[in-house]
Amino acid sequence: MALETTEIQERLIENFGSKISNFDQSKDIFTFEVDSDINTAVILFLKNDSIFRFHFLTDLCGIHYPDNEENRQFAVVYHLHNWYENKRIRIKSFLNGSNPEIKSLSNIFLSANWMERETYDFFGINFTGHPQLKRILNMDEMISFPMRKEFPMEDSGRTDKDDRYFGRTTTNQPIVK
Amino acid sequence: MSDSKVNMVAPPEGVTGEGFFATKLNDVVGLARANSLWPLPFATSCCGIEFMATMASHYDLARFGSERVSFSPRQADMLLVMGTISKKMAPILRQVYEQMAEPKWVIAVGACATSGGIFDTYSVLQGIDKVIPVDVYVPGCPPRPEQIVDGVMQLQELVKNESVRRRSSPEYKELLASYNIQ
Amino acid sequence: MSELLLPPEHRYAKIIKERHNEDGSELSILNLGPTHPATHGIFQNILLMDGERILEAEPTIGYIHRAFEKIAENRPFYQITPLTDRMNYCSSPINNMGWWMTIEKTLGIEVPKRAQYLRVIVMELARISDHLICNSILGVDTGAYTGFLYVMQFREKIYEIYEEICGARLTTNMGRMGGFERDWSPEAFRKLDAFLEEFPAVWKEFENLFVRNRIFIDRTVNVGAITAEKALAYGFTGPNLRAAGVDYDVRVAQPYSSYEDFDFIVPVGKSGDTYDRFCVRNAEVWESLSIIRQALNKMPEGNDYHADVPEYYLPPKEDVYNSMESLIYHFKIVMGEVPVPVGEVYHPVEGANGEIGFYLVTDGSRTPYRLHFRRPCFIFYQAYPEMIKGAMLSDAIVILSSLNVIAGELDA
């Protein structure tokens, strides 16, 4: 295996210093965190560097951590893949909870376009520099961001299913209205 | 077709004499309608794949007079809604229903079309009967082709026994008005 | 007319205004979908047309957005397979197995060889049924209905095998953590043998019907071609990428479920056009058949069909009534109280349309903290507007069906 994780780690620290942290190889994929202001620089470096050649963006998604401190409430997770060496890496960028904003990858990978739109749709993460950042799966009229943890899964306005039939309310009210 | 295995539908009740057969107009119209239902498949997801099997060689819905799949709502009698209808899709479904000419019938195929199924979420319409009236519900996730065929046969029974005047009755108008359909 | 469809400030309005054709004709806007029958699935594209040629396309998706990822955050781990079924419903077992393998990776469960082989068999059957639908529907879209009617009978045979294995036809919800819910019946193997006996001749006939068919070639060669570079940039995987000439296949790159034991080639195309996509899928069916035969021949002795992990695998019913331990496990599993370590894994499998990935973040509770599905259709469908640019309207339909975009997977 030509591309060792220690090598990746060393070269990244050499180039970006302390802005890259929390290297982790405990599970399947080598993971590290990148400060949100240099995400495009790091990914561009990983893509174009003649040794790294992480040329394929496998996946991009968001995660919401409402219990974290203010500056780490959202994460954007990138999975990159180098097919020459068959090496995957996972990059995380943590974002501010009240104003999640990160630079868009859509100039680096065409495929990032819709994945970022989806992440925006689900979490309200603002990708600056995205050519067309608007909702993709949900209706344009929607105002909330459904994948945030505080958003309920079920539609609150539904009328057909009475919660009392499902044992989901504790109050013992009469069912007949 | 001398040795054919074609099953002829039984004629409606009536009086037979030499050279004539007298029966009610209702029954004749019902018989004709029931055995020539043109389906409009409104397939959105998994159930649509099972409908594909229903239409194809193995199960062959054409045996029940539904040979001609009509993709134009104007020329269809039976709207088969198959699959999840999201809230984004609901206005479109309604528009398709409104475009259909009377008489028209609706079959909700599968759990999603019937009640939202396992997708009890913010984005899914909890049953198409929230936006359009439904005649027959077919359960299953997805229903087997046999079930879909059975749903069509149940609808045929409804159609057979429907009065020709039903569509101009006040009850029917009230039903449509309850869905805000003109 | 166009105001009805699009607001006046839309970019198409500007193009229409500025464009002056020599013969005095005007550009028009055409709304294709979401209920257009030829798109078989709910895809909406607003096309800017010059006569019969497409100049621009603007896709809208999300018409069956069902919030899989939100549901997954509210369901115990074993209740998530029904969701994966409904993603790519043409090849549900691949999704099911992919999900179980993700969970097994998280828990560190080692699945017995025989169960792995059984998984390979059922995944390859799923691949066959998916490619069979895609290619026969492509035939329908180019005007050949017969092939579809013919091979659909054999999809029924595959469904019968599924039924023998798990009781369901389409949305299979197959398998459990660590293996299968029950051993395959002798009838399942008999039906599998019968399928392997009959199907090759049929598939050969189907292939002959199309591969050198003049009409089919005229309709598909150089239609919707995409270069390898573009395909990579757009995140293509699976047969659509291989048709462009890149031999990336997760089964080879990162073998899972003992794919490394089998000998198969990864068919690649050259030009990435519709014809190549057809041929790649066609060839993959032959490879899948060969893998199934190999798996049957190499099948280890015995009747292991699940790993020995009582904490995660439901005990047999008689044990539940007779042994305390089994009763406890039964209760815990049914209530979803299985311990899952904190961590995150990404597990890719080669789905029928490309790399299906499961990115699972766990926080030790009974449900995933976050589960993200990498859905190949969602990712490569964004190339569609570019692929149909300059093509005829009828080509757009053919390109769509050759990409095999599954609405359920697209919209999640």
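Letters A, B and C mark the chains in the order given here, with residues in each chain numbered from 1 onward.
One rule holds in what follows: a residue touches a chain if its C-beta (ideal position, glycine included) is under 8 Å from a C-beta of that chain, and two chains touch if they have at least 3 such contacts.
Quantities reported herein were computed from a predicted structural model and do not represent experimental measurements.
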Higher-contact pair (C-beta pairs counted), B-C versus A-B: B-C
Of all other chains, the one whose Cα centre sits farthest from subunit B: A
Centre-to-centre distance between subunit C and subunit A (centres being mean Cα positions), rounded to whole Å: 24
Whole-Å gap between the CA centroids of subunit B and subunit C: 30
Whole-Å separation of chain centres (CA-atom averages), subunit A against subunit B: 44
Residue numbers of subunit C (touch at least two other chains): 62, 65, 67, 70-71, 411
Residues of subunit B engaged with two or more neighbouring chains: 88, 121-124
Set of subunit A residues in contact with two or more other chains: 137-139, 146, 151, 153
Parts of subunit B lying in touch with subunit C, wherever the complex brings them together: 41-46, 48-50, 52-53, 56-58, 71, 83-86, 88-89, 92, 96, 118-119, 121-124, 141-142, 144
For the subunit A and subunit C complex, residues of the former touching the latter: 26-29, 31, 55-59, 61, 63-64, 77, 79, 83, 86, 88, 90, 109-111, 113-115, 118, 122, 135-139, 146-147, 149, 151, 153
Parts of subunit C lying in touch with subunit A, wherever the complex brings them together: 61-62, 65, 67, 69-71, 73-74, 105, 230, 232-235, 248, 253-254, 343-348, 355, 357, 359, 361, 369-370, 372, 374, 378-379, 381-383, 411-412
Residue ranges of subunit A in contact with subunit B within the complex: 137-139, 146, 151-155, 158, 160-161
Residues of subunit B touching subunit A in the complex: 87-88, 115-116, 120-124, 126-127, 130
